Amino acid sequence: MNPAETDQVCPAKIDASCRVPLLALFGGAALWLVIGLFLALLASLTFHAPEMLAGCSFLTYGHLAPAANDLLVYGFAIPAALGVMLWIFARLSQAELVLPLLPVAAANFWHLGVFIGLATILCGRSSGFNWLEFPRAAAILLGVAFVLIAISAVGTFSQRQERELYPSHWFLLAALLWFPWIYSTANLFLVSTWPVRGVAQAVINWWFANNLIFVWLALVGVGVAFYFLPKLAGRPLHSRFYALFAFWTLILFGTWIGIPEGAPVPAWLPTTSAFASFLLIIPLIAIAVIVVKTVWGAKVNCKGGPFCYLKFGITAFILSGLMLIASACPEHGRTVEFTWFGHAQTQLQILGFFAIVICGAIYEILPRVMGFALPFPKFVRLQHWLFMLGTVLLVGTLAVGGVQQGLKLYSPDAAMLALRFSTLGWAAFLLGSLLFAANIFVMTMKWKLALAKTVIAYIKSPLASSEVKP
Amino acid sequence: MKNGFAVFFAVLVTLGGSWLGFVVAPAIQLGTAKQAAILNSTDTWPLQRTGEATLGLQVYRANGCAACHTEQIRQDSVMAEVTLTSLGKSKPEDFKAFVQSLFVLPELAKVTNNLAATLKDWKGELPATILTTDDKAMADAMADRLKAAGVKSETGIVAIGADIPRWGVRRSVAADFLYDYPVQLGSLRVGPDLADVGARLPDANWQLLHLYAPQIAVTNSAMPSFKFLFEVRKLGAAPSRDALNVPKEFAPAAGYEVVPKPEAKELVAYLLSLRADAPLYEAPFSPVTTAKP
Amino acid sequence: MSEEVKSSSAESNAEPTATRSAAPMWIIVVTLTLLFLGFVFFDKHSGWFDAKIYAPYSSAEQLENWQPQSGPAAFLARGKKVYEQVCGICHGVDGLGKPGQAPPLAGSEWVLAKGVNRLAHIPLEGLTGTLTVEGKEWNLTMAAMGVQLSDADLAGVLTYMRSSWGNKAGEVTADDIKKIRDAIGGHPQPANGEQLKTMPE
């Protein structure tokens, strides 16, 4: 420990203060990741044999697909993001986590909410809106949980001694502000007692979907990457100006994307979205420049470790952004509208970019927070390869299938072969997620066992003579 | 950036911009929209759904049909068609000669090849569409000249697009979804677009059979079967009135019949209520009218 | 442990920092260029927030132009256009006329008369002297504004006048106008109010 830091909290204490909240968040996240990928695999399998689950109304494709999507984002992505955010805030503030019980309670609320949401969708009571299928009760639980975690995060942030903000701060604070805003807006305008009338519902739904999947995951993913990439590369981030520029252009332009060109809405809405999509190239260029200049020449061999995860994840993000821009092209974007191409871009964003970045971050954080090494260190590299393979197989095949589908004017057989190959992608992701869950669960079990042993040892130990009553 | 409050405010304004633009503004502009007037008619659009069809929308939502089907037809452009309805006193050959004489006009220069090709094999059958152009002024000029020559013609507006005429006759507009909650526009076309399916496939029996076993209607269909919307029950003294006439390969065992549950009937009522075929001001086209009685 | 640690993750607990390189101008220039091109695109395709304009239409005029018209509707639409260009300047787009300039047409007994002969003479010959319209006296001069119009157009204008602003009278056909024009012959002289009253309707 640096002698100059003796008056500050030492990193080990900071990490230890995050232990229980992070385990609560990551444990549930890992579970939902596995279940979500399993449901997605099941959904993909039904394209091989449509009669597979015909008799079961719970597992019809129209339930599996939204359930899988929601579990991946609400069940895995957001809790994992929040856990990593809390740790990064604590580390950057060089202070212990403030009000650590709030995130623990919030994690439980959150996972309960996700469970209620999953059950509701499978029972056929989804709200009917993309990414908002959870019922009101679940939405309230999620909202309250998020706000509790945000309180803890902002409290930790305000403990900082260093007044100047690090670029990750901007991204993550904006994410903390944006999710409650978009989630409450979408729920109030769409799923409440007085929903907005007519096709405005679809417009708000598209706005929410884009801001959640593209903008929010980008804010968190890029913020996390900007923290870990310099740290792991051993070089400073290049540079404050580029990061600031990327941040502002991302939230300025990225938040206006989302309305499809052929939508049954007045022309100004899809035109504005297309306009914003073209301009999205600017933050993508800025982020690419930052990452390349920070990482290039770093003498670090990542060996399938978190550094590799982050590098691959950011590359996937740039690609996902480019796919988004491609689908907004005035003439050619129409070919891939309403095809698997859009689906491929969504999965690239959620799995190829975000899941990989956040798993890399978690692998970096957990050993420090728990105080001991990962139980299965080889799984890290294996998972990295499985996730990379999964991304290529899933996103590549669906993107190609989407283009074929578009060129053949949505003929039903056009994308079938691609769809069947995409099942392999889901399988690869599922296997990787099992490895991830294994690491987290065994770590949790080890910690709980150690805790139990300490408690039992304390109970069994003889009382100090001063405590014995005469 | 050191001034936390200024940064927060700037982020608030930036993020709030999209909130204002894509939530508040559409809620005001589209959320307060009223019914649209159908062109050249006193009727309003959209047509009110029956109670059964309204319940059917909830069945559609509950089963996640929007995961594979969209309800939004797109349009790429619009064209004007000049259709001959009566040659008056002229004979077809005279008419062809007349049209040939128009080729020298500069305003028709762009379409002379089309006109020539259309009239080459024309033997005088009526009605005949002789000109299709995206220049309305040219179509009007042609119609004026035909009128001056004593020939009766009609100028029709036609919507053009990849989705048209396979799945509809015009693009979907906001007015089509005025009464829907939740609006099920969909985002992926694994199956066909359903915006106008009520006009395209108006047979309730076909719809029920297709839901029961999609392979009956479409071989190699990727659509899962919705058997759970139907009841397979023992045949009573006589077959039920609603029993489906299922082909042999998909029929249940002997002595059993397939009867749709209320959800299936509601869903089919909803599908049959899905129409996007009335000309509106924002999506004009000339509907093909059948002969007046 | 330290070998693995060094290769997979820097064990330094130092927090990352960011450099303070100078701002690159090129990216700002590219952003501004794209913004400009984007606004041009928006101008061309958005219909400027009009709730009625959907793609492929890009302006209100274009949408209006592409409205399909059935026979009578087209006739009236053209009559309206011609009226607003030729007659509306003096008689008002709302048909209420302007004091000292032109009498009203809305509710005017001259417009609503059953036959069209008298009415058609006014634009075809012009008018001078006094005329009583809806109880008021008008003493003005009107040029023969209808001479330059075709039979069809004048018929359309008169039909439009007779069916707008609350007026409900029969249509005027191009044949009617042709007959009246032939009857007037060449070099028409402006009629005056007295003459007009004696003319058959």
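Chains: A, B and C, in written order; residue numbering restarts at 1 for each.
In this text, a contact is a pair of C-beta atoms (placed from the backbone, for glycine too) under 8 Å apart; a residue touches a chain by one contact, two chains touch by 3 or more.
What you see is a predicted model; the values in this text were computed from it and never measured.
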Distance-to-centre winner among chains (Cα means, whole assembly as reference): B
Between B-C and A-B, the pair joined by more C-beta contacts: A-B
Distance between chain centroids, defined by C-alpha means - chain A, chain C (Å): 55
Geometric centre distance via CA averages, chain B-chain A, whole Å: 38
Separation of chain B from chain C, taking each centre as the mean of its C-alpha atoms, in whole Å: 31
Sequence positions of chain C contacting 2 or more other chains: 49, 51-55, 57
Sites on chain B at which at least two other chains make contact: 29-30, 33, 76, 171, 173-174
Chain A residues counted as touching two or more neighbouring chains: 261-262, 264-266, 272
Complex contact set, residues of chain C against chain A: 1, 4, 7-10, 12-24, 27, 30-31, 34-35, 37-39, 41-42, 45-55, 57-58
In the complex with chain C, residue positions of chain B that touch it: 29-30, 33, 39-40, 75-78, 80, 136, 155-157, 171, 173-174, 279, 281-286
Residues of chain A defined as touching chain C within the complex: 1, 11, 91-92, 94, 166-167, 226-234, 236-243, 245, 249, 261-262, 264-268, 270-272, 274-275, 278-279, 281-282, 285-286, 300-303, 305-307, 330, 364, 373, 377
Residue ranges of chain B touching chain A (in the complex, touch as defined): 1-2, 4, 7-8, 11-12, 14-15, 17-19, 21-23, 26-27, 29-33, 61-68, 70, 72-74, 76, 162-163, 166, 171-174, 176-193, 214, 218, 220-228
Chain B-touching residues of chain A, taken from the complex the two chains share: 46-47, 50-57, 60-63, 65-66, 124-130, 163-165, 170, 173-174, 177-178, 181-182, 185, 189-190, 195-207, 211, 244, 248, 251-252, 255-256, 258-266, 269, 272, 334, 337-340, 342-343, 405, 409-410, 412-413, 416
